[in-house]
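Across the two complexes that follow, subunit A remains constant while its partner is subunit B and subsequently subunit C.
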Partner chain A sequence: MEKLYKFLKYTFIILWTVFIVAPFLWAISTSFKDFQSVNSKVTYIPWLDFEPTLEGWRVLIKSPARGGVDIVEPYFNSLFVTCTASLISIVLGTLAAYALSRFTFKAGFVRNNDITFFFISQRIMPPIVLSIPFFIFLSTLGLLDSLIGLVVVYIVLLMPIAVWIMVDFFNRVPKELDETALIDGCNPYQAFYKVVLPNSIPGLIVAGMFCIIFGWIDFFFAFILTFTEVQLLPVKVVALNSSITPWWSLSASALISVAPLIIVAFVVERYLSKGNLSGALK
Partner chain B sequence: MNLVAKHLTYKPDDQYHLNDVSFNFEKGRLYTILGRTLSGKTTLLKTIAGLLNPDSGNINFEDKNFSKVPVWERNVAMVYQQFINYPHLSVYENISFPLKQRKLNEENIKKNVEDALKTVGLVGFENRKIQELSGGQQQRVALARSLAKKAKILLLDEPLVNLDYKLREQLREEFKTIFNEGLANETILIYSTTDPQEVMELNGEVIVLDEGKVLQTGPAKDIFENPINLKVAEISNDPPMNIINGLKIDGKITFENINIKLPKHLSQLDNKNYNFGIRSSEIKLSNSGEEFEIELAEISGSETLLHLKRGSTKVIALIEEVMNFKIHEKVKVVFNSHKFYVFAEDGKLISSPYRIKNG
Partner chain C sequence: MNFKHKYVFLFPGLFVLIGILIFPIIFTIRLSLSGWNSYTPEMNFIGITNYLRLFTDDPRFWESFFRLSFLSVTTVILQYIIGFALALIVWREIKFKRFFRVIFLIPMMTTPVIMTVIWRTFFHESLGPVNDLLGNLGVKPILWLSDPVIAKFTVIIVEVWQWTPFMFLLLLAGLLSLPKEPFLAAAIDGASPFRKFVYVTFPLMAPISIGAIIIRLIEASKIMDTVFVLTSGGPGTATETSSFYIYIKGLREFQMGYAATLSFTYLVIMIISLTIIAKVLTKLMIKE
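Let's look at the complex of A and B:
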């Protein structure tokens, strides 16, 4: 019985791994193929089945004038927008969350929980509902089709995530820790950045990871709020898909667009599993 | 140059956390605040520290109005009942943190930290992480941090309550030496606890607090011997003082068909109903005594606590040896009537065995 259970367990794990990893392997393999290797017969393993070539990757950085598709600019646009928006969201979100967790606000019938809910409610609505106000908002400000405009919109999308995660995190940091810092001679700002913040690194990492992921994968707003001047990676990749871009370049572009998330996932996983961070506070 | 509070009142909801609390604490002395959980001890300490603003009343320290001074400029130190340290810092960094905040020079900091570590017995632990320490050691670090500061007001909020029995005994012993030797003469030490035994052992000036109100102040011995009313008698005894409502007729009292002869100083009282208080250690097993039924027998250490019942009267007797009893068994006990306290029906102390007065 024990053996059967073990057998089933490992069978399932292996099947699942294959299911997850196979598309990646297939994409990696395809990205190194040329026309011959894709269209003549079924091939899998480089050097054995076909002669690998970097042509598929080269196309990505060549300008359209020379027969390439040039995803370098959209790539850096995406990196810039995601990182800037995430950073600002984390900074503002953390400050807001600390205030919501530690101070009591009263404005008419509005209390702390209502404000927290207000932040989260931005994510409850379907994005399409927000698209028209955003469009009008950006066009009034003359920020349509610009990186700054996208950063502003992404902050609206990402900050609720940061606030939500950090409020929950700060609520679990004992209030006595802040009080001890005050008694030990910190003013409220010092108490926050000398004591509370260094003990909130796990929360900051999780919040940062979510911001980066949600910022990086957003297609909808990038699609609606940009036209010709600025293009973000998800839009570019989808555009490649619908044009006559060859399979090998599509595979390469798909791989390079998930690369940052895979790196983030690995780094964060290392960091979180160090244990002393997650168990720092009782 | 004292810490003087006048009419402190704090009522954040429909209950008083502080109700007209006034005191005058002198430098170089130990004050213990005795009260049950939620009696306002922590609120009082936090108010002194400046973490809470009272609704009314004010605190003066060294002839300056303390209310206007923010927490971080007050030069107080506080140890919480939870072990609060900075988890991201090592033991050394934890203890030096308040000193760094005050911008002492490196040499001074080092000396102060080393002294504090020596006092609490944690030399050699400087580079440990807080999470690697046991509860008792964490509380020692917190204590060391507050000692190293050499604050003028040192607040200890039930510092032993979250520790296990053995450690509590041990730290309590150490506290006595630390308080007696380790403290500068200008420190006001305020120690809050729920445990009467701690109060007696620390032997300071006691403030008995209940529902935010000061019930009695005085030296520990005085509180123990002359509790001004039933409430104080209850709070300052563990196990709580037994209260028996009985009718006094001439030279004896009657309750539950028991007659107990009263000593001379009590037989002069008017004939009516009184609340008689007697400590559980003054009720003894004896064959010549009255019959009670055992409800529960607790063995703690080398003693046995017997919860006894007769009719509607319940008493607790402390037997100074470990004995096995069966529940619902009948035992006979005698009351040492010389140790009777007499409280009026409204709770006020009328007579104490330690201070026999006009009757």
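Let's look at the complex of A and C:
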């Protein structure tokens, strides 16, 4: 019985690992192929099944004028929008979360929980519902097809995440901590800044990572609200997909776009294993 | 500890959010009462004509809504079962624990649309590896993307791949934060692993499970990116979800007024049904 259970357990996780890794392996293999090895029959292993070439990767650094895929600019655009929006969301979200966790608010029938719910409920809004008004909103402000416009929209996307994680986190930081600081003569801002904040680094890191993930992977808003001036990475890669771009450069650009955040998986795992995450995320 | 300074903490975030959102919401409601389309791009007032059309003469929207419900509920159930199983396995000591944990997390870090671009080549009916490998086993080529029934399952496979890690992460973080005492007590009583799960682990995990399921349902109901790239709602309308249908009406056919009607109705339905689901789940999973 014990043996059987163990066998099933390992079979399950190994199968699941294969399932997770399969598309990556396929993409890596495809990125080294040429026309012949993609279109004649299905090939898998370089050297054995086909002769690998670097053409798919070379296209990425060529200038568009010479038939290259310009992926560098979208890369930095994505980086800029994600980081700026995450930073603003974390700052504003953390302040609001601290207020919601420590003080009581009362306005008519509205209580703390209702305000927290208001923040988090913004995630329910499907992007499509917001995209049409945002389109008109941003075009009136002249921010359509600009980085600033995207940052504004992404704040709506990311602040709920920051508030959700930080309210939970602050609820777990003992209140005595701030009270002691207040008795010691700090004003409330100093108590927050000098005492609570330094004790909240794990929560801030988790919230930051989640904001960066959900900012980096968003496609729809970038797709609707930008055209030619500003292109974000996902939009660029999907545009390649619908044009006549060959599979090898498509795979190479897809791989290079998803690569940076995979590092985040290692960071998350580290926090998980050290036990910091379980407090920050529940 | 209660003083005026509390507003200084709360208001910046609250007002930025309200400031950005207030216009879109009011605008959507107003737009839904207008006949704004590509012939008359103006904010006229046509009353509830759009709503009448939606409720009496638009089966395609309701079909897309039921399809969305089917897709999101199925994927979330699968994600919950698989995610919980994976979390339970790597919760305890096993070989290469940290390696598996990293691997299980990776898909959620990748951009759905970009991975879907790869999945499209992966499920390609004549040049993709899936049909080729199955062909070696003697299975006839499967129409992953062009059969109306199978295409739905292809979408489910991709969604499960993409988002099970999120469920896994929330559940594992929950498992790691559980108190130790109940497990010790169960061990002293000599409970079997199965009974331990049913009577100790699962009840302790119920609140976390509900939270995770609700969060995933919210995110799954927005399913759009995958469908957009993988099948573009096709074949026919076989994988068209509500979001995608609203997108077609609003930004392809430029029936802005009607699309706003769809959006607003959809939003109301979503909020009501998610509230009900949350209530029902709480009742089902927490007995007391």
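Annotations
The working rule: the second predicted complex is superposed on the first by the 258 of 282 C-alpha atoms of A that agree within 3 Å, B and C clash if a C-alpha of one lies under 4 Å from a C-alpha of the other, contacts with A are read in each partner's own complex, and residues count from 1 in each chain.
Here is the rule we use: a contact is a pair of C-beta atoms (placed from the backbone, for glycine too) under 8 Å apart; a residue touches a chain by one contact, two chains touch by 3 or more.
Keep in mind it's a predicted model, so treat the numbers as computed, not measured.
After superposition on subunit A, the partners subunit B and subunit C are seen to fit next to each other with no clash. Legend: residue contacts after superposition of the two complexes on their common chain; A:47 is shown touching neither subunit B nor subunit C.
For subunit A, the partner with contacts to more residues, out of subunit B and subunit C, is C. Once chain A of one complex is fitted onto chain A of the other, the partner contacts of A:92 are limited to subunit C, with no touch recorded for subunit B. In the superposition on chain A, contact of A:27 is made with subunit C only, not with subunit B.
Our angle of interest has its tip at the CA centre of subunit A and reaches the CA centres of subunit B and subunit C; in the overlay it is 90°, to the nearest 10. When the shared chain is aligned, subunit B comes close enough to touch A:184, but subunit C does not. When both complexes are overlaid on chain A, the residue A:109 reaches neither subunit B nor subunit C. Superposition on the common chain A brings subunit B within a closest Cα-Cα distance of 6 Å of subunit C.
According to the touch criterion, the shared surface of subunit A, contacted by subunit B in one complex and subunit C in the other, consists of residues 179, 182, 279-281. Of all the residues in subunit C, the ones that touch subunit A in their complex are 1-3, 5-10, 12-14, 16-17, 20-21, 23-25, 27-28, 31, 82, 85-86, 89-90, 94, 98, 100-115, 117-122, 127-129, 132, 161, 169-170, 172-174, 176-177, 193, 208, 211, 218-219, 221-222, 224-225, 228-229, 242-243, 246-247, 250-251, 256, 259-260, 263-264, 266-267, 270-271, 274. Of all residues in subunit A, only 174, 176-177, 179-187, 190, 195, 198-199, 276, 279-281 touch subunit B in the complex they form. Residue ranges on subunit B touching subunit A, taken from their complex, read 46, 49, 51, 70-74, 76-78, 80, 82, 84, 86-88, 97-98, 101-102, 129, 131, 145, 149. On the subunit A side of its complex with subunit C, the touching residues are 5, 9, 12-13, 16-17, 19-23, 26-27, 30, 38-39, 41-42, 44, 92-93, 95-96, 98-100, 102-105, 115, 119, 121-134, 136-137, 152-153, 155-156, 159, 163, 175, 178-179, 182, 188-189, 192, 213, 216-217, 219-220, 224, 233-234, 237-238, 240-241, 247, 250-251, 254, 257-258, 261-262, 264-266, 268-269, 272-273, 275, 277-282.
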